[in-house]
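Structure provided below as structure tokens; questions to follow.
Every chain is named by a letter (A, B, C and D) in the order it is written, and numbering of its residues begins at 1.
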Amino acid sequence: MSDSGNMVEVKGLSKAYGQRRQEKYAVYNVSFAICKGEILGLVGESGCGKSTLGRLLLRLERPTKGEIYFDGQDITGYSFTEMRKIRDRMQMIFQSSANAFNPYYTVRQIISEPVMNYRKTDAGERDALMTEMLEKVGLDSSYLNRYSHELSGGQRQRVGIARALILGPDFVVCDEAVSSIDFVLKKQILKILAEQKKKNGFTYLFISHDMAAVKAVCDRIMVMYLGNIMEILPEAEAKALHPYTQALLAAVLEPDPNVKREKKILFKESGELAIPEAGCVFWPRCLYATETCMHRSPELREIYDGHFVACHYMKNKRTLEENA
Amino acid sequence: MKRTKLVLNRILQIIPILLIVTILAFVLSNVSAGDVASVTLQSRGVQVTEENLEAVREELGLNAPMPVQYWNWLKKAVCFDFGNSFQTNRPVSEEILSRFPATLKLALAATLISLLMAIPLAVFSARYKDSLFDHAVRAISSIAATMPDFWLGLMLLYLFAVEWKIAPVISGSRTENILFPAFTLSVANTAAYTRVLRSNLLDAARGDYIIAARARGLGKSMALMKHGLKNALLPLITLVGINFGKMLSGQVAVETIFSWNGIGQFAVNCMKQKDLPVIQGYIVVVSITYILINLILDLIYMFIDPRIDSE
Amino acid sequence: MILMSNTPVLQIKNLKTYFYSRDSVVKAVDGVNMEVHSGRITALIGGSGSGKSVMSRSVMGLIDKPGKIVDGEIWLNGRDLRLLSEKEMRKVRGKEIAMIFQEPAAAMNPVVKIKDHLFEAVHTHDRKARRKDKMPAFREVLLGVGLRDPDKILESYPFELSGGMCQRVMVAMGIVANAGVLIADEPTSSLDLTTQISILEELMSLRDAGIAIILITHDLGVVAQTADDMYVMKDGKIIESGTVREVFAAPKHPYTRYLMEPVHVEELR
Amino acid sequence: MIKNTGRKLLRNKSAMFGLMIILILLLMGLFAGRIASHDPTLVDITNKLAPSSKEYPLGTDQMGRCILCRLIYGIEISMFTAIKVTFIILLVGVPLGMIAGYCGGIADNLVMRLADIASTFPSTLLALAVVGIFGPSLDHLVLVFIFLWWAPFARMVRSSVIKLKETEFVMAAEAAGCSRRDIIMKHIFPNTLSPVIVYATLRIAAVITHIAGFSFIGLGSQPPAPDWGVMLNDGRQYIDTHPGMLFWPGLAIVIVVFAFNLFGEGLNDALIPAEEEMAVVKETGDSNE
């Protein structure tokens, strides 16, 4: 069981794809918890398994190993119908790519689907509920009769948010909710998510490869690389200790010409992106890789309260801080 | 290397299908021919009496249980021996092999003609998209695609043999007058190949690498020809191969019209006379060639397209 | 405006490119003026749908039906490209002005080896070139863009390379025909953070070698850290231009100001 | 969505032309009795091979039967059977494709192996084998078509179901608490329909050609049935004296097949959103958010 303070808790979670022998792990031995009312950021390069992790939490994909607890209940082994009973308490905001909505559905049908599945309401009540929700995301009831291909990227994104939040879920996974859309809209969407959180106390897992957006919105930040959790920062401005996080932050381009980053790429130049047979997944590209790193994969250990790092090199944290 | 593993398991795949084909051929023809014994007797002109029937059944081993009969038949079938044809009493394998070259020549000629027509037509209509030429090609190919080959054959025969008396009415399987039957067969295929190649070329042209090639200074046609064509031809290989395999089963209609005695016409006549061994032989031979052609096609595809190796 | 000593290598005056559909005309590029100088990176920044990609294709003369360049002049090395015939324009593309794309793997023919791509870039403009004696030059140019194992790369196919490596090959193809101007259309948007930096550094070293680069992007960080001059584009028009320092220091147009407003909005927390 | 597909279809002139021909022929086939002035199988040797006249607009065949009437009655044999066959093919292929695509694993392998077996036989071969057993008749021919042509539909539906399962809106439907039945029937099935409808229309044209083809060589309908293939075969001996007997049935086949192809292509343009030619414009046109 997990203590009641956590909305979602995960222990030793793994997900593998491919045939029996040469399966590839998209998510490998991940353990963490998200407290109620918190926004946990999940950041990492594309293809590191963040979206898979997000879908695993909502059981939209079946885990290969490990346990998932939702508000104290162990939902790892729940059947399709058992999951349906609690789906209204957990929702997902998708990236709203081209196939985000069923082309044959109008916006009304899209948003009313969750309502019809979980609330006994007649058409009038539903329309009122939907109009109210659309206004919250900056649209209005005139969009109800439109089809998804008649909407622009930003409008589609807001309909996705409306669909996810209309039932007032306790836990929301935002999978790259802002990365595929225009710079200008990004801020509007982030504002909407923040307002919703303040008013109704939602708990978010905010997945993105855009460090600036994650830093702006999240309380804690989890850094993922090739299916493994490298580091969990206790708060957005915390000092990165893991070599990978430092390299990631160094690679963020400051939108200010005066802040000239000294040309420092904290990666070994030749390292390729394949998962090594043994040891820490990051050692082929890590500047501080030692013998132990190549053979034993480090567990996620708590260095300070709330600051977890998965790195052998972390034994003497001072050396890391000197050259960070 | 990964590719040899792919090749091996592709070859192993045909074993089960071959077995199924032989079982089907055996069961089908056995059930159809009614009482095999009486049919054999009649073909030998022997009076059908109880003892003769019994003797023939013994001789042909018809009393043995079905699997045993099948096994005996399969042993012989593997070394290409299907017994004698009831009508001509000559070994079935001889009958089929003597007619197979005619069908093969016809199929090759038809495929060649359709490729020679389809590739230039497709390339030009893709290059000059929505031009008059493009619309003309699309209109003609949509009409040609509707042309049943047997009717076209009759019309051509009427025009050239009867009306203008250029071609002989009975052409026999001599190669010099293969043109008409081959052309008849090729028309429908040409329409299909032109359409497929044209849409592949247009997809390729939309691909970034054509725009990138033009950005490097290649002309629009040059880029399409050099880069687009190779990528567009790959999927066409499968289509051409499958059609060729189908033609090898003998184009009965065209063979009958142009009295081109390939195995298709022969098989239909034997079927009408319920000539059991010939039907069995025909089904096994044609199925094996069709399966082998599909196999060869997949192998060619594996070696030509570098991407297969990495999957 | 931009104070420049030498005359610009590429000058665009009042360029208009429209797209005609059955019942509407889309003014993708609607009267754009722009100057690009050798040895400088000129950024063209705008949201999706601002017309920046159409701009790059118009300069290269790669606008097909139903699009059409209706007005304006494109001066490259002292010649107005719009007056050139298609045959003459082909000699310009690749030789005087090269282009790299957002999806590097898609911009290369999947069934052709890298060495043949490079050879084609050279052969198109120098018919007498022979594959054998060009090999050293290819090895050289691949090393020049930071690829460490040129021989293996020359023999491999595009799908065997990572996104970053493909993009470097594209850059190599641009400079192997020693074009003076390089248009980079969102060169790093599909690459991950770490490769993004190394590609931008390649572009900066090309700029230092004197090549004029037009960098098309929607990411302010890329502009701030790499570009020298910048043009902000919205709905087919240039709404602001200047050196990067000038525009970042004092953005005049409200859209630019909104773009630059940092994401750390206090009330978000 | 259906509304604007309909509008796109109406704008497509060739598709409408094709549909019009199909409808006219269907009506003629249904009311053959009233339209055709003579009984298609009534033999009248005295009137053998008569030239076209007011009473016999297309003349008579070697048994004195009115060619035009036989053509009209032939509609029922070729078009109605083709539509019936294609419908059965859909009933077999589409559900199997859905099961293979949605359930995956053993069901998927089983269906795909069956599809492979079905496509190992060239149509001529199977027709010969089946007709060899049960004797030549149209119904046996129908069996051959069904056995042969359910596989492409199953493969097509399977691949689109597999693609659809990965799309966001199917996952979102699961996240929204929809039952499996809703997900399949409301989200997956409608989105697999467009290519199936287009391919089915083109398949009807192919079935018509094959029915006539096999009847021509004696494997399908038998004389005196007014099948266009049979009429063509009858006319073969009179190729030099009465080419008309060959021309008209062939033309009938071409018209019907052409109509279905036209309609099929029109459906294709209307139902399947081709990559917008103006992809660049869509990008620019999207700016006024």
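We adopt the following convention: a residue touches a chain if its C-beta (ideal position, glycine included) is under 8 Å from a C-beta of that chain, and two chains touch if they have at least 3 such contacts.
This structure is a prediction, so every number in the text was calculated from the model and none was measured.
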item	value
Neighbouring chains common to chain A and chain B, by label	C, D
Pair of chains whose C-beta contact count is the highest in the structure	B-D
Between chain D and chain C, distance of the C-alpha-averaged centres to the nearest whole Å	51
CA centroid of chain A to CA centroid of chain D, Å	49
Whole-Å gap separating chain B and chain D, where each centre is the average of the chain's CA atoms	22
Rounded Å distance between chain A and chain C, as computed from the means of their C-alpha atoms	33
For chain A, residues contacting two or more additional chains	153, 182
Chain B residues counted as touching two or more neighbouring chains	none
Junction residues of chain D, two or more chains touched	286, 288
Residues of chain D defined as touching chain B within the complex	116-117, 120-125, 128-134, 205, 209, 212-213, 216-219, 229, 232, 235-236, 239-240, 243, 246-247, 249-250, 253-254, 257-258, 261-262, 265, 275, 279
Parts of chain A lying in touch with chain C, wherever the complex brings them together	45-47, 153, 181-184, 186-187, 190-191, 194, 209, 211-213, 215-217, 247-248, 251-258, 260-261, 263, 265, 267, 269-270, 272-273
Parts of chain A lying in touch with chain D, wherever the complex brings them together	55, 58, 60, 80, 84, 87-88, 90-92, 94-97, 99-105, 113-114, 117-118, 147, 152-155, 160, 163-164, 182, 185
Chain A contact footprint on chain D (complex, rising order)	1-2, 167-169, 171-180, 186-187, 190-191, 286, 288-289
Touching residues (chain side chain B, partner chain C) in the complex	130, 207-209, 211-219, 226-227, 230-231, 234, 305-307, 310
